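Got some structures for you, see below.
Here come two complexes built around chain A, the first alongside chain B, the second alongside chain C.
After this line comes the complex of A and B, so read on.
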């Protein structure tokens, strides 16, 4: 069970940032191949994003799984909505859907 | 202990109606799999919901015993 303070902190992170990725490591030094892929996709698209390193906080690492009902890291949120993990992000990027989503949300230039 | 591909298939088939499951051993080490799951029940669900359904069929093993299961879901 995740305590309320951790869930609040997660909620704050996903509502106060238009784009936020929960990952292992940082965009500069990813510590997991799956997290690295998502950071690379976001860098490539050129969207601004916040990154939360779950390795810094065990409570967040477990809490985000509960918050999203999703068992793995990384996890991407756009405007408070859970978009997916590594497989979904890769699939959406390859189909052009992720780029379209950011355009539709006004987060990258159309 | 890594899971056997057959066990993954059995769990998914048990949890999802009319599921076709193809397991690919990505690294040849019996530990890094990709599952391609096709089922009519995915119709009308977004990808997140489809994947959540597969994770639910794995009953908590995802992220534990199964640390690296790539997932692709399709409708027939």
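After this line comes the complex of A and C, so read on.
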């Protein structure tokens, strides 16, 4: 079980950043191919985002899986809402849906 | 079929009655990287078509697959790529 303080910290990260990705490594030095793909997609779209490196904190690494009942990392959140993991982000990007989501939320120029 | 893949196939078949199911072991592409267990059978791609996905969004579809594989995800599966379709898509 994840303690309340960790879940609070996750909730804070998710609500205080319009776009936040929980990933292994950092956007500059991703430590996992799936995390790398999500960072590359976000970089390509040019949206500002925060990145949380779950490898820095074992509690967050496990807690984020509980938080959204999603067993894998990376995880992308936009305006507090869980959007998906690597496959979903890739599919949404290829379909233009992710770009549209950011436009609709006013996070990139329309 | 290798042990973990066979268990995945059984679990997905029971939970979702797929009309098409393909499980690919991608472990060789990740051998030796941080967190990859020895012996392979850790990284998989699941391509699955099932009636259960009709009318559901991507997150809901992935949740169904993840739920069916929850025990294996906790123990054996290190990474899972999912392509989930409803019949006719």
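FYI, the second predicted complex is superposed on the first by the 110 of 110 C-alpha atoms of A that agree within 3 Å, B and C clash if a C-alpha of one lies under 4 Å from a C-alpha of the other, contacts with A are read in each partner's own complex, and residues count from 1 in each chain.
The rule is short, and it goes like this: a residue touches a chain if its C-beta (ideal position, glycine included) is under 8 Å from a C-beta of that chain, and two chains touch if they have at least 3 such contacts.
Here the structure is a predicted model, which means the values were calculated and not measured.
In the superposed model, A:69 makes contact with both chain B and chain C.
Of the two partner chains, both chain B and chain C are touched by A:87. In the superposition on chain A, A:31 makes contact with chain C only, not with chain B. Within chain A, the residues touched by chain B in the first complex and by chain C in the second are 69-72, 82-88, 91-92. The touching residues of chain A, counted against chain B in their complex, run 65, 69-72, 82-88, 91-92.
On chain B, the positions that touch chain A within their shared complex are 47-48, 51-52, 55, 60, 62-63, 70-72. Of all residues in chain A, those touching chain C in their complex are 31-34, 69-72, 82-88, 91-92. The touching residues of chain C, when paired with chain A in their complex, are 30, 33-35, 58-59, 62-63, 66, 70, 73-74, 79-83.
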